[in-house]
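Every chain is named by a letter (A, B, C, D, E and F) in the order it is written, and numbering of its residues begins at 1.
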């Protein structure tokens, strides 16, 4: 406890994954939860499978970059 | 708001993805939510990883097609 | 198949729930999936528990209404 | 994008919710994502409904406190 | 690892929760995972919020009982 | 009802998938739910995308095996 599921576009760099996992864990450590108790799961979702405003992100946000 | 996560078998066509994203967004627009606020995430799951009635869909529903 | 999980703010009317469940199911029926195979789960989340732009929706979007 | 779902034990204080939402959003801002694009959903789960090591957290971790 | 999220209708008895948590954990222990690594989260969803075949379970399956 | 989502590290053998799906379904059958009503979804997550104690499982638990 806690378990954190992160839905993001596919293509996240290894460095960004490290920062997401480390950063989210620290948020919980700062409110008193032991780091070992924090599990973070990053679900990478292809932009074709992500809809926003009724359109695929692969079309609507074609030029948006993944961190 | 809202966020909609759709779990389906893997292999959904691009046309079906468009219709799922567009159609689900419209459902919320019709009850008064702005389209821009609707996020849809399609999680494609291999049939081997989907159980129904205690068996893998890849065996139990071998001939069922993905839209 | 499919399973659809909808995250929304708490306080959705019964009428809106019916329209969400009926409308999402129809989207899948229209791409060839039998209605009986569609499961929709509405997770109502208190606005205090929903963050957008780093703030609770209960503060940032205090006057936004739930359908 | 991203959408972050946090599963925690029920009873989180309003202050902790603010810090979780603010802190997680900052993690993504620091890797280049606009704050407005980050949605965080906190799912509070009663300790009776949370299992760890095969037992309910309400029994196994009776004295553990929620932040 | 693993994290198991169970979506069920609201009203699950404490005894059923114990059996679900214990039983699911054992499934993973039997394939070689330590019990301590297994987290199970039971999300109880009101029947009004659960759609099947396009209708609320509270109407369509009015007489179905929760274990 | 129920729907069970299992998050695990990627690389689960077909035999383990069968045992997870069959075993979890049996847990619900034993509390009175028909097997046909149980859906199990296994989400395989690369160890690089799984954080525990603030680190990627691919580093922290490099030698841990997937069942």
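Keep in mind that, in the parts below, a contact is a pair of C-beta atoms (placed from the backbone, for glycine too) under 8 Å apart; a residue touches a chain by one contact, two chains touch by 3 or more.
Only a predicted model underlies this, so the values are computations on that prediction, with no experimental measurement involved.
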Same or different residue numbers at the chain C/chain D copy interface, by half rule: different
Cα superposition of chain D on its sequence copy chain E - rotation in ° rounded to nearest 5: 120
A-E or A-F, whichever has more C-beta pairs in contact: A-F
From chain A, the most remote chain by mean C-alpha position: E
Chain A-chain D separation of Cα centroids, rounded to whole Å: 14
Rounded Å distance, chain B centre to chain F centre (Cα mean): 20
Between chain B and chain D, centroid-to-centroid distance (C-alpha), Å: 26
Sequence positions of chain C contacting 2 or more other chains: 1, 3, 5, 7, 20, 24, 26, 39, 41, 43, 50, 52
Chains grouped in pairs wherever the two touch, ordered by label: A-B, A-D, A-E, A-F, B-C, B-D, B-F, C-D, C-E, C-F, D-E, E-F
Partner chain B, residues of chain C touching it in the complex: 1-9, 16, 19-20, 23-24, 26-28, 30-33, 50, 52, 57, 65, 67
Complex contact set, residues of chain D against chain C: 5, 14, 17-18, 20-22, 24-26, 29, 35-36, 38-44
Partner chain E, residues of chain D touching it in the complex: 7, 43, 45, 48-56
Residues of chain C that touch chain F when the two form their complex: 1, 3, 39, 41
